[in-house]
Amino acid sequence: MEKLPLGLALDLRKVVPYKTGSWRTMKPLYIMQTPPCTHSCPINNDIRGFLRVLADKQDYEEAWHILTRTNPFPATCGRVCPHPCEDGCNRRDYDTPLAINSSERGVGDYGLEHSLEHRKEVLTPRKEKVAVVGSGPAGLACAFHLAKRGFGVKVFEAAREPGGMMRYGIPAYRLPKDIMNREIEAILRLGVELECSVKVGVNIALDQLRQDYQAVFLGLGAQMGAAVNIPGEEAKNVFTGVGFLKDINSGKIPEVGRNVVVVGGGNTAMDCARVAKRLGADVSIVYRRTRVEMPAITAEIEEAMEERIMFRYHTNPVKIISDEDRVVGLLCVQMELKEADASGRARPLPIPGSESVLPADTVIMATGQEVDYDGLDNIGKRDNKWISTDEYLMTSLARVFAGGDAVLGQETVSAAIGQGLRAAAAIEDYLEGNVESSLASPPVVYFKDMNSYYYTRKKRFSKEAIPVHERLKSFNEIYPAFAPGEIIDEAGRCLSCGLCFNCRNCLMYCPDNAVNLHPATGKYEFDYDFCKGCGLCVKECPCHYIQLTLEK
Amino acid sequence: MLKYLEGSHAVSQVVAMCRPNVISAYPITPQTHIVEDLARLVGEGQLDAEFINVESEFSAASVVLGAAAAGARAYTTTTSQGLLLMNEVIYCIAGMRLPIVLTCANRAISAPLNIWNDQQDSMTVRDAGWIQLHAEDNQEAADLHIQAFKIAEQTSLPIMVCMDGFILTHAFEPVDIPEQKEVDAFLPSFKPQHIVDPRWPRALGLYADPRFYMEVRYILHRALEKSENVIRQVSADFAQAFGRESGGLIKTYKLEDADLVIVTMGSVAGTVKDLIDELEREGKNVGLLQICSFRPFPKQEVYRALKTKMNIVVLEKSVSLGRGGILASDIRWSFPRGEQKGRIISSYIAGLGGRNISTESLREMVARVEKEPVELAFLGLNQEIIAERDL
Amino acid sequence: MIEIRIHGRGGQGNVAAAELLANAAFKDGKFAQAFPSFGAERIGAPVQAFVRIDDKKIRTREEVRQPGYLIVQDQYLIDSVPVLDGLKPDGLVIINAPQCPEDLQLKTTATVETIPATEIALEIVGRPIPNAIMIGAFCAITGLVSLEAVQRAIREKFPGKVGENNVAALERAHEIIRKRKGEPPC
Amino acid sequence: MMETTAEDLNRVEKKNLFASGHRACGGCGQALAARLVADAAGENTIACVATGCLEIFSSPYPDPSWRIPFLHSLFENVSAVASGVEAAYKALKKGPVNIIAQGGDGSTADIGFQSISGMFERGHNVLYVCYDNEAYMNTGVQRSSFTPYGAKTTTTPMGNRTRKKNLPILAADHGIPYVATATVDDYRDLQRKVKTALSILGPKYLHILAPCPLGWGHAGDLTVHICRLAKATGLFPVFEIVNGKVTNVLKIPNKKPVEEYLRLQGRYRHLFQKGEPSGMVAEIQEIANQNIERFNL
């Protein structure tokens, strides 16, 4: 034992601190939480991550790499995604959600402008090869991830050019073609092989692919307009929605005439209507139910209305009236909504004697799409309509996986990308013989869990769409891009839900100095030798990154 | 150089020569002349020191505590109620081993209020861990301060130099005031043992739980016991350097072939010496044992001086109420049990509250103890003014 | 050993008188001790001070009870304070009074001397502080301390004008007594 | 004296000069405050500490938490002890060094009041920091002259009937150059005030509200939150007094009712029998209103 110093005057450089950690019953932990934006993103993009590097380092390149870890189409999604992430954003409960979508668009465009290259995650090529059928968002996302993981990938595309519905289903004023093209090129530069004008099931048998490749992914999409079976549909100037859009996007501009009637309430219906409007027609949309039931993205509906497209609710086509073989009108009947049907939507029933004729030079039936199963009949289906898969997206056929609209039914580009990503992971697991899926994520953090004291209210940044009369003159994009500075400021609004943003509260407030900033990693660490588990750090952590757990 | 001056000024001038860095005191009779003169010396720039005019003795003691803890040679002075008010700090200073020098101008304690001399005040802190040295006259009072700083700093113990209030502090008599260079040669500059200084961070005044407290107190007790050698040595060195005997543990006068020994401390020793000479002329052999160092109490020295003496009377200016003479009990305790047999140790309390101790009264004391042992007596008590009901 | 007791009132410089006498004796090469009858007395209250002079070191600390010499700085104290207590039968008492000693009718066998110290003080010092005159008288009558030593003691304690005035007063008293010695009592 | 630039003043300091290992309760506001003060003052500092909760939990032999020179002797004399240290540094021509006397309510406003008053009046170059936890916590929550109106302590079981002594004003009226109040939640402000004080010659007084989870009856994790409410209700005004003039008052644009502050604390629970606020609550609101008016919060 140390000898007592004179007068008990102790040399403080010799002190061995008493360890108060033994007093603890509760133990604080730094636990990364899933932010609601990522949680509600079909692709699970690291939104918080890319916003932080923008806010903290103004580093667009790093932001692009963070985004493209999951999504090879930031510039595309930044335009066409209905951004459920913003619906999830915790700022919704504080002031207004972040403009995540526009920020993503800015980062995506930056990537294209600076021709940034994707980073391979596995550098040594693997022997396994995977065939991807369809070069839509699902197929390309799947190919993209497999290629990054070192697999050999070949994509078979039935059409003349890649992109699937991104190319043929979305008009240029929503998605300029070269944006998509360049994002596809970036994917191909990872070494993905692409063969177009090859229809699997017709030009080459699926079984052939199953022989030549260790795994097959089907990203067929739903590109066939559903049959409507309405009298007179064989007349000229009657289009399916997808057919109409495909013509437009392939450069075939049809003669639509003065009056165009679009039937349906989905995104395709909106796109067709707005395209027709840009071709100079007076356009009305006919829908059996009301706006509330419309499946189309709200933004699309609103923009369509802005562009003075007439909406006729509770209206259903009965018959196409033609003069010789040319459409002159559409006989419609008024509907009333009765009790909900299986789809959960109120079932519309015709009101007898309410028929009337809408004048029409063109009728576009955008009432649903289907998968083209030509030569692929032996795949197991759901409702005899969509491909059925197990939770790992494997179909009834061994080693054949599927995703995208063909599985989900009509969905968004993001949803399709998400499925391509999941399928890729599943395929990798399958080929490596892993049973566990690698996609488990931590719990979601909500605003009520956070300490609002540390955040300042700031309105969401937004830019006006260009005026309607300007829009209608061309197929140019209607929303101007954010300036780089504007994106940085908006990124600064991110609450960093569930992950440290270096506010130093835990470090400064700990009465026991039991929090240290690790000099090398720059991360905060608890010193459990001294932490008494008082929970002050938990209460004062703005973003709920710290949680109190029972001491084991 | 021999100067004719008041006792208080003899002390203040010598203290100044010891070059204290910090002086803090609160005025109280009969100590005032000492502080006034030190304030003047600092004010006139004759002494380079900080003089802190505090708002109480309690703060005076606290200021010198802080100053000593920061490495200063620190000095204060007080008496009576002032010393009692300091009491808490007095214990701290000793426990923290801070070598502070304090002059106690011994005075009685209230109630009733009384500003005159006795030694009850310093007795109240005799167990605090301070060295307590008692001066016989103003020469010794002055000399003891020079020795005190040296002893304190060698032992890391605080020292209280006790001098009878008024009787010495206000008495004019010749005192040999040394030259500054003589004092400098004798008293080296202060090399503090443990101080608060950011260059070597230390903690002073930590609390000690039952695992450590008793050891700390034991070490302090041993330090006081061992300081006897230092007190003896420094007194001898002083005699060497200044050519006169001052201080030490005990002093004797005509003790060798004395049949009766008077034991006492402080200024009354002088009166007793005159009496002894008178009695000698009358054919009586009375001797004197004078305690200079009351704490540490020089048990061995006392025993060696008294072991052949069978009749002893202890004369003191303080009393442990409900018990009796304080010095007397220390003297009695100086003899091993066996040797107390047949030995008469009488106890006299005298001079409380400035009551004059006259030669006559001392003669009466001697006459009585020659006849019979006196367990406890109050010298010169006026029985007429003591009401029966009070007894 | 010579023992002197000084009686006076607070403010008449009794302690100073004792101090000056003892200091003078010290300057004459003797051992001396001076101390007041300590207390909290305020101006006007009766006080005492003591002086001892000897050829060897003075050790005793008791108050002076049987003085050989008394200095009374205020004659009116005689009625209120037992000033003569313990005065040696062959001793000397010097009183600040304008009258002749006989007129005071003191009951003592000791020699009595008087001097109108207050008048002289008022004349020379300008204030009714009799101590310097009383000391002057004491050394003139007894010769126990030298005039020159007292002069030095006064100048030491009161440098400047105050000192000089007191020295003048001292010398006047000394003068008066010397004259008186040469003449028969009135 | 430290040379201080605006940048220095606003820099947040974390040096752990008051280190881990002390025996304070979890969430102790005083322990937090003591570290913020020590770190702001820096290595060239001597801490003189009065007996009290801080001293007891931070200075047991052989493992005290102080990493700067530490000096303790008694409960009521820390100001005088610090005066002595300062006098020594002057006399020995050492330094410059920061001398900080610190204590709780008792050693500052009650038993040590004479001593602190003397230090202020004599003009020593010492910063006095009072950690105000509004009662004698060391001895088990007895009333002090800083105990606010209505608060329950073991010696005011029915709620305290007297108002809190206003020491910052009393200190300022000694004519000292700098007085400030602060709370532990705003560590930047607190450390700025410590540095500002140390940059000024003469006696300085810093009054820090330091919640005591044990004595106030709130969970340890609420220490910071409670401070914010103390300010937002107007019960604890935050300001500086420079050369006698009140300046830099912390405005509270959206004021909160005192009830919000009181309800969080066990020491006020008796004011809400069956959930209903008693008359005392209104009186406490009145005290807050008076502060708001007096300091124009």
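Lettered A, B, C and D in written order, each chain numbered from 1.
Here is the rule we go by: contacts are C-beta pairs under 8 Å (C-beta built on N, C-alpha and C of every residue); 3 or more make two chains touch, one makes a residue touch a chain.
What you see is a predicted model, and the numbers here were worked out from it, not measured in a lab.
J.: Determine the shortest chain-contact distance, in steps, between subunit A and subunit C.
T.: The least step count works out to 2.
J.: If I average the CA coordinates per chain, which chain comes out farthest from subunit D?
T.: C
J.: As a test of whether you follow the contact definition, which chain pair has the most C-beta contact pairs?
T.: Counting C-beta pairs in contact per chain pair, the top pair is B-D.
J.: Looking at mean CA positions, which chain is nearest the middle of everything shown?
T.: Closest chain centre to the overall C-alpha centroid: D.
J.: From the mean C-alpha coordinate of subunit A to that of subunit B, what's the distance rounded to whole Å?
T.: Their C-alpha centroids are separated by 94 Å.
J.: Report the inter-centroid distance (CA atoms only) between subunit C and subunit D in whole Å.
T.: About 65 Å, centre to centre.
J.: Between subunit A and subunit D, what is the gap in Å from one C-alpha centre to the other?
T.: Chain centres of subunit A and subunit D, defined by C-alpha means, are spaced 54 Å apart.
J.: Distance between subunit B and subunit C based on Cα centroids, please, to the nearest Å.
T.: Going by mean C-alpha positions, subunit B sits 35 Å from subunit C.
J.: Two or more other chains in contact with one residue: find those residues in subunit A.
T.: Where subunit A meets two or more other chains at a single residue, that happens at 8, 10, 12.
J.: Of all the residues in subunit C, which ones touch at least 2 other chains?
T.: none
J.: In subunit D, what residues contact two or more other chains?
T.: Within subunit D, residues 60-62, 64, 66-70 contact more than one other chain.
J.: Strictly by the criterion at the top, what is the full list of touching chain pairs?
T.: Every pair of chains meeting the touch criterion: A-B, A-D, B-C, B-D.
J.: Inside the complex, what are the residues of subunit B that reach subunit D?
T.: Residues in contact with subunit D: 21-22, 24, 48-50, 52-56, 58-60, 62-72, 74, 88-89, 92, 96, 196-198, 201-209, 212.
J.: Residue numbers of subunit A touching subunit B in their complex, please.
T.: Touching subunit B from subunit A are residues 4-13.
J.: Please name which positions on subunit B make contact with subunit C in the complex.
T.: Within the complex, subunit B touches subunit C at residues 4, 6, 29-30, 115-117, 137, 164-167, 170-174, 267-271, 273-274, 354, 356-359.
J.: Residue numbers of subunit B touching subunit A in their complex, please.
T.: It comes out as residues 95-98, 156, 193-194, 200-206, 208, 212, 215-216, 219.
J.: What residues of subunit D sit close enough to touch subunit B in their complex?
T.: 43-46, 48, 55-56, 59-62, 64, 66-74, 76-77, 79-92, 94, 97, 114-115, 117-118, 121-122
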